[in-house]
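Structures follow.
Okay, so chain A shows up in both of these, paired with chain B first and chain C after.
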Partner chain A sequence: MALRRSIVVLWAVAAAANAVTLWLVFTYAPIEVQMGAVQKIFYYHVPSAIICYVLLFLSFLFSILFLWKDEPIYDTLAYAMTEVGWVFITVVLVTGPIWGRSAWGKWWVWEPRLTSFLVLWLMYSAYLLLRLFSRGDARSSKIAAVVAIIAFFDVPIVHKAIAWWGSIVHPKKVVLEPAMMWTFFVSMGAVFLLAAAFALTRTWIGIEESRRAEREVAR
Partner chain B sequence: MRYFRVVALVFGKDFKDELRRKENMASSFLFALLSLVLFAFALDPTRVDLNQTGSGLLWLIILFAGSLFMGASFRKETENGTLFALLLSPCDRSAIYVGKFLVNLVFLVILEVLLLAMAFVLLNFRFQDSVIRLAVVWLAVTIGYAALGTLFAALIAQVRGGQVIYPILLFPILIPLFIAAATLTQDALSTGFSWSNQWLRLVGLFDILFFTASVFLFEYAVEE
Partner chain C sequence: MNSGFVLTTLMAVAIKTPDTTGYMKAGYAAIAILLLGYTLYLWIRARKLK
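Moving on, here comes the complex of A and B:
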């Protein structure tokens, strides 16, 4: 019950924070000189990218803990983090081309960052597919944990390997003017809260599902 | 010493089994040859110089044909119920993994040599650099490929619909390795590359990281 209440509170806070963010993005933050209004997608694109790395790292961590300690709760947590992480990878992959189309005229270029993110998406889609195929099979949890660990090992490699080609569209360092920077900080917080709300809800669903499975076994 | 004896026994049993039955090797080699012929039709070697662009294709064929071969390496154990017996044996479980890995490695190398020979005949591949460089690259890439391929074959042998997910799980993780493989092969066929090449280092890193990880993870993840 405590978990359920904190989820409701978290959703309320996340919704409020995102409302504030949207207001800031559209009224307070100035319009970028070169790219125009479309640059505002940045305030969700970049935080989503950062958050998805955090979530995938958590999935990696919980997968190791699950193999090590063999406690089902770690499996539930790992699955939840990966699924929410996958959603945020998808957000990055969808917002990126929309921005790219108007900023540099193409939906997609085979550029290091884009390619590595696409590979990331493919790896974790395979993870979710594995989970779909083996639903209700307790053995498959360990297999999924191994996949999550190996996939996370691959993330820096993909990133590094492809970074050797040099980036065309993603700047190494961004200098923001103060109004933009403050908006970015707020949006970072808002997306973080949103991700936390999703992750916690998904964990709660996972716990409920395994409880129901236990009840069915008992009957 | 006991550990290496178990490795040798698993290797010997699988190697003999494959030599006697030949079905896996034959089907993956024919698949590789077929793909080569189909690529030749798709790209028309009379107009496109595959010596310049063909190394990516070769690795693509190895990726598909190799996964066909490795995907079966644990399936026959589950089909015959022998995986259980294998896991029950009083030995370090990773020895089973290493044995299977070596079998896959040996057969992948055979497959690659045959495929490369066919590419020289059918697609007019030419050498300008040393054979040693090419051999080192191909062996190094194959080690990483076999390490992950064997681990995932063991994992999916127990999952419903495993054959369908096997390539979907394996291929994305192999992408950096195969980018390096194609680039290095292209270089080895034309101008050559230096031994401190960053792609070569990537392959080395990939091999060490994923072989070690696989040995550890196999122990934890494969049960009954």
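Moving on, here comes the complex of A and C:
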């Protein structure tokens, strides 16, 4: 009951934070001189990328703990973090080409950052398909945990891609003016709260579904 | 499936919009579809547990 109440409060705070963010994005943050209005995608594109790194790290951590301790709760947590992380990877992957088409005239460029990020999406999609079509037994959970651990090794590659191999479209360093910076900080907090609400809700659903399945087996 | 169709339509609209505002709108519409869509999915799954 306390968890359900925390989830409701978190959703309310996340909704309010996102409303403030949208207000700042469309009324306070200035329009970037070179790219124009499309640059405003930045305020959800970049925080989504950072949040997906955090969620995928948690998925990696819980997958290791599941293989080590063999406790079903770690499997539930890893599945929840991966699913929510995948949503944010998709946000990045969909908004990036829209921004790119306007700013650089191309939907997609086969450069290291974009290619490694697409590989990331494909690997976590494979994880989710594996979970979706497996019977939910311990063996398939362990295979999924191994997939999550292997897939996570692409995250540092995505992060360091520009430093290691350079980029045609992504800048090495982004300089923001104060109004843009403040809007970015608020959007970062709002996306973080939304991700926390998603993750907590999804974990609660996973726990409740497992309990129901156990009760049905016991009957 | 439906969200894929909506996203494809939005991208098609964005191609035909000559200014950067059109792309910004398409981008935010895509963000809204994905995040609200996932919220709805969680809400439906949570309701089934009641």
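Note that in this section the second predicted complex is superposed on the first by the 207 of 219 C-alpha atoms of A that agree within 3 Å, B and C clash if a C-alpha of one lies under 4 Å from a C-alpha of the other, contacts with A are read in each partner's own complex, and residues count from 1 in each chain.
By our rule, a contact is a pair of C-beta atoms (placed from the backbone, for glycine too) under 8 Å apart; a residue touches a chain by one contact, two chains touch by 3 or more.
What you are looking at is a predicted structure, and each value in this text was computed from that prediction instead of being measured.
After overlaying the two complexes on the shared chain, residue contacts for A:36 are found with chain C alone; chain B is out of touch.
In the overlay built on the shared chain, the residue A:150 is in contact with chain B alone; chain C does not reach it.
Applying the stated contact rule after C-alpha superposition, one finds that A:140 touches chain B and leaves chain C untouched. Contacts of A:52 after superposition: neither chain B nor chain C is touched. Shared-chain residue A:98: touches chain C; no touch with chain B. Shared-chain residue A:81: touches no atom of chain B or chain C.
No residue of chain A lies at the contact with chain B in one complex and also at the contact with chain C in the other. In the complex of the two chains, the chain A residues touching chain C come out as 35-41, 44-45, 87, 90-91, 94-95, 97-99, 101-103, 107, 194, 198, 201-202, 204-205, 208-209, 212.
Every residue of chain B that touches chain A in the complex is listed here, in rising order: 148, 151, 155-156, 158-162, 164-165, 168-169, 171-173, 175-176, 179-180, 198, 202, 205-206, 209-210, 213, 217, 220-221, 223-224. The residues of chain C lying in touch with chain A in their complex are 7, 10-11, 14-15, 19-21, 23-24, 26-28, 30-31, 34-35, 38-39, 42, 45-46, 49.
Per the touch definition, chain A reaches chain B in the complex via residues 67-68, 119, 122-123, 126-127, 129-130, 133-134, 137, 139-140, 142-143, 145-147, 149-151, 153-154, 157-158, 160-162, 164.
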